[in-house]
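Next come two complexes built around subunit A: one with subunit B, the other with subunit C.
And now, the complex of A and B:
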């Protein structure tokens, strides 16, 4: 294999791919990246078996070939190379880099040792605008569970419905759901459970202006735009019926100014128990009262003016879950919906002037108040 | 390095191949049989069978990309879990999981480097809860490269370190109860009785019998070029039809093989048991570490072979003995000490009781001191009385 590439292109390609390499692995070849020449350039691939990233770079190929080489080392070298063309060649299982007066030889492994990346039929997939895809990820992936007792909750549920896409994530205590009109017309709903690590790569590698091709091939899902491809293994299993837990009969509503509300929650949470982070809120006509009492620490009281309709309500929450959700709602005003102190509360954005309307809903389970 | 060819077990291979081709291969298999008989190698062969891209009527092709990776234990869908020593705690379950994965990774690299290794370890090892959490995390993903995948849980007895510690076994049980699609689990055990009944009931058992000693001998001649004929002969005889055990009796460079060293230790233990002086027995017990009782397992097994040989010689039986080079000592000892077969056979129960205590992680010095005391009682002090009683029972 022999080709010449600019330092910048090589460095960008390696940066994109190296992030997918595992820090520790039981398979030595996974510490390497795969370099393969094609008719019009070179493909650089890396994987930790959960996620794979492949970049295509247009270069002048002198001699076809392929080899795997230590990804992090190549990245460290190219980061410090002077600007200029880099000649990459292989000799046996060694890769050589020449740039000006710099010359490096690194031991590699045969390309055949590298896991076969999935064959994704992008021509039979669907497209999503980068802005939609990134918005969906940004607004839901934070809610994924990190507990390993229910593996399906360790992923984001991506539903492809008739002319709309929806992402849902939950850890059983709070849930985020967002729907965006997009995708092909289809009769049945396709459900994919995608690991959040893959979605982080999508966020990192694709731009809002990209048109992203998405397709499923066997056990994998692939994303592709502008010569960059991300593949991920899907999580096995059936996602719980989240619709069941979203309350439909909430009859008490509060509209709050997000920043002020967030700030008040954060203030009183400073005095909350470090185990439960529990805060108590009392909603009544025109105001909300915050109360925290932690016997060995102290107590907090705060009040805010809010617009509230319905019977007065006293409800407890884990302040962290509430703050996390408020951070992603995005709009200036947020609408909170309640039914009863022991029932799930909903948070939805209230679109003001100049704010995009979003079909976004978060749900937070309340905490029982003993006092 | 590539795995050595699977030796023997042709009937079991044919049964598994037939079941797989018919689409009936159970998703959880329990391979059981003597230690070192090739259960893990057989499980890896099943893995190759599941992953092969050009399956032949006779089994995996051995030449496709998947087969090459499987034979090097580098296929991403072939997951091999085995007991490892517990690394120092790192302060959180996640970091403990990481630490165990690092140990597994190191050991896996060693296994790849030297796939032919004795079935022996004097380390205290286990299949820990955090290891099974790693396995479950991996199992929740779909296969990485091929259409199917295999999880090999070797020496699955180690899931239950002791009766009070069943978390790992129960964690595995959860995934065995509802195996993910396109996923097979193979558990191996030389003592399947030590598995939780709930785990055993989820698995279809497949027994791998010992190989004929001639096959062990042929295998050693073919695959272990460094050993002399006499050494191979002795190792094959002592192996009990298990290649893994035979390897333990072969020299490790200049040193004796680990099983040969243990066999000699077992011999000294028997000699100490016959020592009329209690002081000698206690000093022998104190040579053991006061911790790590589970490493006594092997020495007790080999002590039983010595007792079995001594009983055979004492009875004047024509059957071959396992410790072939020791016939003269066995005959002399049986004669001088007036040892008889029946008390010797009964004394095996004492060794079994010691094994139980070792499994319960009792202090090894206490186990050995008690074992030697009881053996001495059974064989030396009361030999005449026991024999007389036994004869009256028989008549």
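And now, the complex of A and C:
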């Protein structure tokens, strides 16, 4: 293998790919990246077996070939190379870099040792605008579960519906759901459960302005735009029926000014138990009262004016869940809906003037003190 | 009818008394050594032949006796130690009955050499079966030597019951050991047929005496205990939990310096160890009780082996509490050294009682650091550990630096070295105490679930869940039977961000249903549940933690009552002292 590439392109490619290498691995080849020549350039790939990243760069190939080489080392070297063309070549299982008077040789491993990336038929997939895709991910991925006993909840549910795309994530304590009116017309709904690690790479590697090709190949999903590809295994299983747990009969609503509300929650939560982060709120006509009492620590009382309709209600939450959700709701005003102290609360954006309308809904399950 | 009741002649009365007091050579040695200690001896030499069956000789450098006293000492009820019944209430000497010498003399050939301090000429009295044979002058240094030969020569039935010389020698040695522990400053020696069985030069304190008796390995893993309640004090040393083993143990109790037996007190001490050691381990204990005049009766047992406390319950409680408190401090943690330096005994001030729970986190931290500082300062000086700050006062309250290594252990830099903490074991201790607290003081907060867990269980497990429903609820599990083999969990506790509620619940119910070593060691249902939950819910080894989480775990651990011990009887923490580090690097 022999080709010449600009330092800039090589470095960018290596940066993109090395982030997908596992930090600890018992398989030495996984700490390597795969370099391969193609008809019109080279491909650089890296994977931790769950997610893979591949970059294609157009270069003049002098001699076809492929080899794997230590990813982090290559990245460290190219970071400090002077600007200019870099000649990359292989001799046996060694890779050589030449750039001006710099010359490096690194031991690699045969390309055949590298895991084969899945075959994704991008021509038979669909497209999503970078801005839509990133918005969906940003607003939902935070809510995934880390519990091992329910693997489906470890992923983000991506639904392709009729002219809509939706993402949902939950850990069973709180849930985030966002829908964007985009995509092809289709009769059936496709459900994909995507590991959040893959979505992080999507967030890292794609821009708002990209048009991202997405396609499914067997149990894998691929994202592609501008020569950058992200591959991921999909999570097996059936996502729980989230529609069923979204309350339809909430009949007590508060509209709060988000910043002020967040700040009140944050300050009373300072006194909440370190383990449960539990705060209590009492909603009644025109106001909400905050109460925190932590036996070994102290107590907090606070009050805010809010608009509230419905019977008075006392309800407890993990303050962290509330704060997290409030941050993603994002609008100046937020609408909270309740039914009862042991039932799910809803949080939705209230779009004001000049604020984009969003189909976004979060659920937070309350904390209850059981005696 | 003629009179049939007669007063027995002294010789017969003494023989009968001897039956109670003197049943074997070891009993003779005990009585004679006690007399020597009562006489203020600094050195006591015991020689035996044939396990004491042929000869017992106890020599001391105590006060000695004048001739008149020496003759009197062999009379029944002749004692210099008390004068009235009132004196008996606060008796501080081993002897008070005035019957040991005449009893021994009545069943042996006894010779008594003694010389009072300040005199030049001593007295030798020889007796046979209690009858004085001769009284003569003898030249000797101040002190007393009593030689008992052919014990039970005139009571062949008793002689028959004696064991082999080896067994009798061992019994003699066991008779001396408690007295040697009670008087570390006195030199003791025991020789048998010219062989040294015990050689105990004067020791600075109890721990040094233990070291002389059983070596550094034992003495180095003792921790001081001190508990006080009004005028009653319990002090001494007990075994560090990680050093305890099943099987044989040394357990010595003393009151007013007098050895005694009391199984109930040992059980109380064992209770103090609960959860810190595996159930079958038996900790070594050396406990000295001081209780005011009149609250303990020492005259209830023929050989004074037992005593009666006016309020035994109070003492049991104090012992249990004292042991607990001793296990709260850093010294009770496991160390790397196979043979750490024995603890410097500095017992003067009771450890501070735990105040309101609100204060504990703060206090424990501060205490933690001062202790280390104060330790270094107290080293060698033998001073009490007070709460005087160590050097580097400004470091107090500054949290130690912490690192997580191999996703399983936390390394803490503390004043005198390192602490290595097992993250899972530490979290077990935290959760255990938390759940016990919930059972006692009220329920846990339960996180309601969007998708309730629907769990299929075995019939036995379902029955168990049904049974425990109330307690599970207090732990934060809101459970509902669904008929048949299914239960539904609507709410769960959330003890840490990586908690897997379904797995924890399943594993816990399975363990409670089938039983395990852990659950069998529990004393009651509360303990059983708390232990099982702690074990299943605690952060696992392999879990990467973020810096604030490490800090939180550390703080919570040291806010618990027994931070150094997990709930399986294993250490949560191992100390690596700077001293040990320096030694290993040859500094």
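Heads up, the rule we're going with is that the second predicted complex is superposed on the first by the 368 of 371 C-alpha atoms of A that agree within 3 Å, B and C clash if a C-alpha of one lies under 4 Å from a C-alpha of the other, contacts with A are read in each partner's own complex, and residues count from 1 in each chain.
Operating definition for what follows: contacts are C-beta pairs under 8 Å (C-beta built on N, C-alpha and C of every residue); 3 or more make two chains touch, one makes a residue touch a chain.
As the structure is a computational prediction, the values presented were derived from the model and not from experiment.
Judged by the touch definition given at the top, the superposed model places A:224 against neither subunit B nor subunit C. By the touch criterion defined above, A:342 lies against subunit C but remains apart from subunit B after alignment on the C-alpha atoms of chain A.
By the document's definition of touching, of the two partners only subunit C reaches A:295; subunit B does not.
In the superposition on chain A, the chain among subunit B and subunit C reaching more residues of subunit A is C. Of the two partner chains placed by superposition, only subunit C is touched by A:172; subunit B is not. In the superposition on chain A, contact is made by A:274 with subunit C only, not with subunit B. In the superposition on chain A, A:147 contacts subunit C only, with no contact to subunit B.
In the superposed model, A:195 makes contact with subunit B only, not with subunit C. Overlap of the subunit B and subunit C contact sets on subunit A: residues 148. Across the complex, subunit A meets subunit B through its residues 24-29, 49-50, 112-113, 115-116, 118, 148, 151-152, 154, 195, 218-220, 233-237. Against subunit C, in their complex, subunit A makes its touches with residues 146-150, 170, 172-175, 240, 245, 273-276, 278, 295-298, 316, 318, 342-344, 363, 365-371.
Considering their complex, residues 65, 68-69, 74, 76, 98, 101-102, 104-105, 108-109, 133, 136-137, 139-145, 147, 180-182 of subunit B touch subunit A.
Only residues 357-358, 360-361, 434, 441-451, 473-474, 476, 478, 490-491, 494-503, 506, 552, 556 of subunit C touch subunit A when the two sit together in their complex.
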